[in-house]
Amino acid sequence: MSGNSIGVLFRVTTWGESHGKALGVVVDGCPPNIDLTEADIQGDLQRRRPGQLSSTSPRQEEDLVEILSGTFEGRTTGTPISLIIRNKDPDSTAYEELRDIFRPGHGDFTYARKYGIRDHRGGGRASGRETVARVAAGAIAKKVIARQGIEVIAYTQELGGVAAQELSLAEIAKNALFCPDSKAAPHMEERLEEARSQGDSLGGIVTILVRGCPPGLGEPVFDKIDADLAKALMSIGTVKGVEIGVGFQAASMTGIECNDPITPEGFATNHAGGINAGITNGDEIVIRAACKPISSIEKAQETVDINGKPTSVSIHGRHDVSVIPRIIPVCEAMVGICLADHLLRQQALGPTGGT
Amino acid sequence: MSGNSIGVLFRVTTWGESHGKALGVVVDGCPPNIDLTEADIQGDLQRRRPGQLSSTSPRQEEDLVEILSGTFEGRTTGTPISLIIRNKDPDSTAYEELRDIFRPGHGDFTYARKYGIRDHRGGGRASGRETVARVAAGAIAKKVIARQGIEVIAYTQELGGVAAQELSLAEIAKNALFCPDSKAAPHMEERLEEARSQGDSLGGIVTILVRGCPPGLGEPVFDKIDADLAKALMSIGTVKGVEIGVGFQAASMTGIECNDPITPEGFATNHAGGINAGITNGDEIVIRAACKPISSIEKAQETVDINGKPTSVSIHGRHDVSVIPRIIPVCEAMVGICLADHLLRQQALGPTGGT
Amino acid sequence: MSGNSIGVLFRVTTWGESHGKALGVVVDGCPPNIDLTEADIQGDLQRRRPGQLSSTSPRQEEDLVEILSGTFEGRTTGTPISLIIRNKDPDSTAYEELRDIFRPGHGDFTYARKYGIRDHRGGGRASGRETVARVAAGAIAKKVIARQGIEVIAYTQELGGVAAQELSLAEIAKNALFCPDSKAAPHMEERLEEARSQGDSLGGIVTILVRGCPPGLGEPVFDKIDADLAKALMSIGTVKGVEIGVGFQAASMTGIECNDPITPEGFATNHAGGINAGITNGDEIVIRAACKPISSIEKAQETVDINGKPTSVSIHGRHDVSVIPRIIPVCEAMVGICLADHLLRQQALGPTGGT
Amino acid sequence: MSGNSIGVLFRVTTWGESHGKALGVVVDGCPPNIDLTEADIQGDLQRRRPGQLSSTSPRQEEDLVEILSGTFEGRTTGTPISLIIRNKDPDSTAYEELRDIFRPGHGDFTYARKYGIRDHRGGGRASGRETVARVAAGAIAKKVIARQGIEVIAYTQELGGVAAQELSLAEIAKNALFCPDSKAAPHMEERLEEARSQGDSLGGIVTILVRGCPPGLGEPVFDKIDADLAKALMSIGTVKGVEIGVGFQAASMTGIECNDPITPEGFATNHAGGINAGITNGDEIVIRAACKPISSIEKAQETVDINGKPTSVSIHGRHDVSVIPRIIPVCEAMVGICLADHLLRQQALGPTGGT
């Protein structure tokens, strides 16, 4: 309950700092008898890795995951799965000059105020590097839900103001930006290069789809599945907004426009994003998450030091221009974790006779 | 953990159905020695009541709250506070014809699929009426945080496509729509009348501000305060999107535009909405929640019955044209509950020496 | 998490004080489609009622339960079940003279120190009366587990030093002491009369059996089912010790004596009390709970008032001589609640292929 | 909530199997600014190590702990503390012959039935080796409570039927059995030797004292501190009974004998074991835990294999004759963890004005 765990039955606890010895995660509640080796997890970690795009961080994180517990002869046993990713390249000297300075947009100031102590190296616990543990746990979650035919797909909806106009899922894996629009992708890359050259950074929007989800997942009234999805995504440091289905657009629709007519073949439209009254309706779940620009930029910024004295900061060194595309597998992971948890919670009810 | 509770230390559990005997809430974890009588709660229930606007439901809910436990001689004792609101006017006959029909946009279909049984009367547990218990609990939460000088204010940002252009907090209490723009309010009312006459409904956007919040609230990494706020608001049935600070707008900003410079006097801007890395920074918290149009409309809608047979439904009877303005105190309540919880969680750390 | 709830998936939250308006409980997580009316609950409340034995409290508690939510047309719906028992006879005047005095053995002193305020009337929240809500919730729990053939039976093992020598389950319902030994029961009653006449009180031991429990319930490593049972029983104010199977006797046994040999027909003995490594093994679960004597006695006791001034207290009025037999249904309830919770938790795993 | 975590605010999650790569623990919720290095933890691990007594397991576990996260420059930061203890000597070949056999007294049968799969090597997750992680977490917990002057001391009360008659705390550290009676200790060792020579094992009783605990810790009504202590101790695989204060003896006392008179100087006696109504009263907390004999014995035992076929098993190899004395630091750890959690929970209330 101290903030570093999520999920009730599929319970994920992450630990580790950006420049500490390692990062890791304990997954408690994973059902037994699921095939699981490091290879099942490594793939998603690769997708999250930097250095695949000229605009992403050149930091050479190998991010090799090791399973320390919870499997036996290649299968899960129902006991907690402990995963560790050693930090191979934690050069902290570049951060020494930031030891006493609060970087705008980061958690430097708030961690100092909350705890009276902080690991300033690379943002410590507040670093985006923490998400490596989420992705590892998400890979397991996705295996759990895949047994029920549930699949999570995330892609770049918008980057630096350039929106994907077409949605071709086959396209996603074909470009480094996980963009479903082959024409928009190059424009996005241009925006990234432009921002990089200006020492600035960019935000974007990620869309996450869930396919094959059965009706019935989600617990009224507070643990609605959209509520838990919103929390799961908003818990990613970069996310400043979450919407389900038509989302904010719903605010300017009328009831007859917004409601999804029901037919014997299913819902005629999917404005609800696959969720009614907090419970999945069997249709595709559609979520969008808005990501702010990376806070670390070379452009000089006004700030104060830990004594409140005004100063200026220009952040050099290794950092991405945008959390996109590396945030894509993180979003998938969080949605997967949320769904795995709700799947187990629904199973707990036993057969309900739902028609 | 079964979905009807929220909060770790300030723990709120609601119960009750739209047309059951009563609705209520148990608030566990409220600190002792706080003055509390029914009058402290009744005010917020009045603000949530229908019938104050021509476009809101004429249902005569008296919504009188009774404190059943947890206080002694007018003060809280630290033991659970049980509140009950009896249903005075639960005429269910109008719903009899809907017993076997799934209303589009409602939880009828999903509850049936999840549980294999549902109380069809007025939406049962999925009814917006459930929020009366949230508002009651929220009134207590707001007393808890008020002791630390924290105040929650919600208002109508947009209704039926009409946006408030000016923000005058003094204006909010002066109109039935809780709109901070005296010029926009009449236009919003016109839109409501228009939609009512068409048998249709409207959505809108609520803004919630938190003032006087100290830095340090929020628990990394999953229980970030923005993550918990997003969950708290998204758990309201009508909400389809939540954003913090600049929210979705952040997606098209650059780093230098989005980061809030820090000065000895505080943050120069507040694009972050008062939260960095999931922890409050002492600035005003700014949240927006997108509400979909009311699902119950008179206009005929295509749907199916419980046997999957196609049919048409036109919903008459008592229902609002928009959740706005009645959702305003509900949003305040959820934000208040979330903050009370995080306030206690921060207190648990003891003095931290935060500078 | 604030102490007034127990269970993860079958979640029970009680509220109410001895002399408040009412006591009650919210049961969240009860599976849908279980027949449930007040009559299903009232029976256990009757068994807990005072006044059936000359030595029990003459207080006329009617203890009529009302179901306020969570059922529809006589069946559970999966939504929270709210139960209320109004206090019909809360005459508090007798407690006025105790307002400023700490009664030995009670929670008067500790509540005052913890909260800085306390409802002194009848012990407030710390009163044994709180268990009425547990019994009500337990009645529902027992219905949940009965669907899987699990039954909970509690009886008086020992009272005032008189032990039941024979174990005839058929005998339990035949005497007011729920004693399985028809010869011991009258001796126990004599001890009660003797203690009453001396203005003193008695302790005892309760045995709780669980029959028909399938193997596999219990979650390693902290939520072992014996750990959760111990907590559930020790949370009853009067219980000072809990043991499973041979319990404390195990301390002086050797391995060959204590281990239960396994045969194709099952375990040859049941020293383990039906639990191995925290998981049920399919054998009968055997638990014993030691109850201290009632703290309220007429005999004069040395104590202090709230100002620390020494004084003497002699407690008159309505109180039992022993928590036995009224604690019997409370023990059953707590064990039932614990089992219902673990049953749902095991169901959450889905089919495990356990051989 | 999946069983491998304990505590609400001071939250301990253990992972690892007896013959896996490593065991470990994540401690979430530890307050910041506490000095912490491996040396603070290693001491307790040494006390738990085997090989210090001729009767304990000769297995050479080095049990070196490594702090992977949560500290910065030797102090805790408020972020999760991840500890790992690598398994240096996990020779599993001796267990190969037990792969298909259910050892009596162990979790072999129940794990197989619960999960349909089990790591048979050394008991897998059900091994006593799991407690190494508890001891590591307990060392941190004890530092947290030591800041408030709270100290936990455990000792051997009884072993193989030989009881300590005298209680000299100074004696505890002087003998390998942690026995407070210098005359009883040699008799206990004799019993151990005797049992070893017979291929049998012994049980015992551990007493745990808590000194310096302030009044007010414990949360009514389910999270009473004695309820949580009982759970914490009963979650140790070997423990079959727990009692507080006079414990089972209370059952045969009368009220006037059992109640602790209150004087201006404090409680005249301590039959309650420092806890009234589930809340600490400032007196010494006294707990006893009954431990069963080690289940692994050389003496031949009747059992079945995984196909239900009868067979006989005689367990050779590395195992202790009794969990005493190695369980002593484990008991201390569990009590320390429980108290640290309740200390933070009480702090969450803020100043209560308790008199």
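The letters A, B, C and D name the chains in turn, as written, and every chain counts its residues from 1.
Criterion: a contact is a pair of C-beta atoms (placed from the backbone, for glycine too) under 8 Å apart; a residue touches a chain by one contact, two chains touch by 3 or more.
Not measured: the values here are computed from a predicted model.
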Fewest hops from chain A to chain C - one hop per pair of touching chains: 1
Identity of the chain that, by mean CA position, is farthest from chain A: C
Contact-richer chain pair [B-D vs A-D]: A-D
Mean-CA-position distance for chain B and chain A (Å): 26
Centre-of-Cα separation between chain D and chain B, whole angstrom: 45
CA centroid of chain A to CA centroid of chain D, Å: 38
Shared-contact residues (touching 2 or more other chains) in chain C: 1-5, 8-9, 14, 29, 32-33, 78-79, 114-117, 125, 220, 349, 352-353
Residues of chain C touching chain D in the complex: 1-6, 8, 14, 102, 104-107, 109-117, 125-126, 130, 158, 160-161, 195, 198, 200-205, 215-224, 226-235, 237, 240-264, 268, 272-273, 275-282, 290-297, 299, 301-304, 306, 308-310, 346, 349, 352-355
Touching residues on chain C, where the partner in the complex is chain B: 1-5, 8-11, 13-17, 20-24, 26, 28-29, 32-33, 66, 68-70, 72, 75-82, 84, 114-119, 124-125
Chain C contact footprint on chain A (complex, rising order): 1, 8-9, 29, 31-33, 78-79, 220, 344-345, 347-350, 352-353
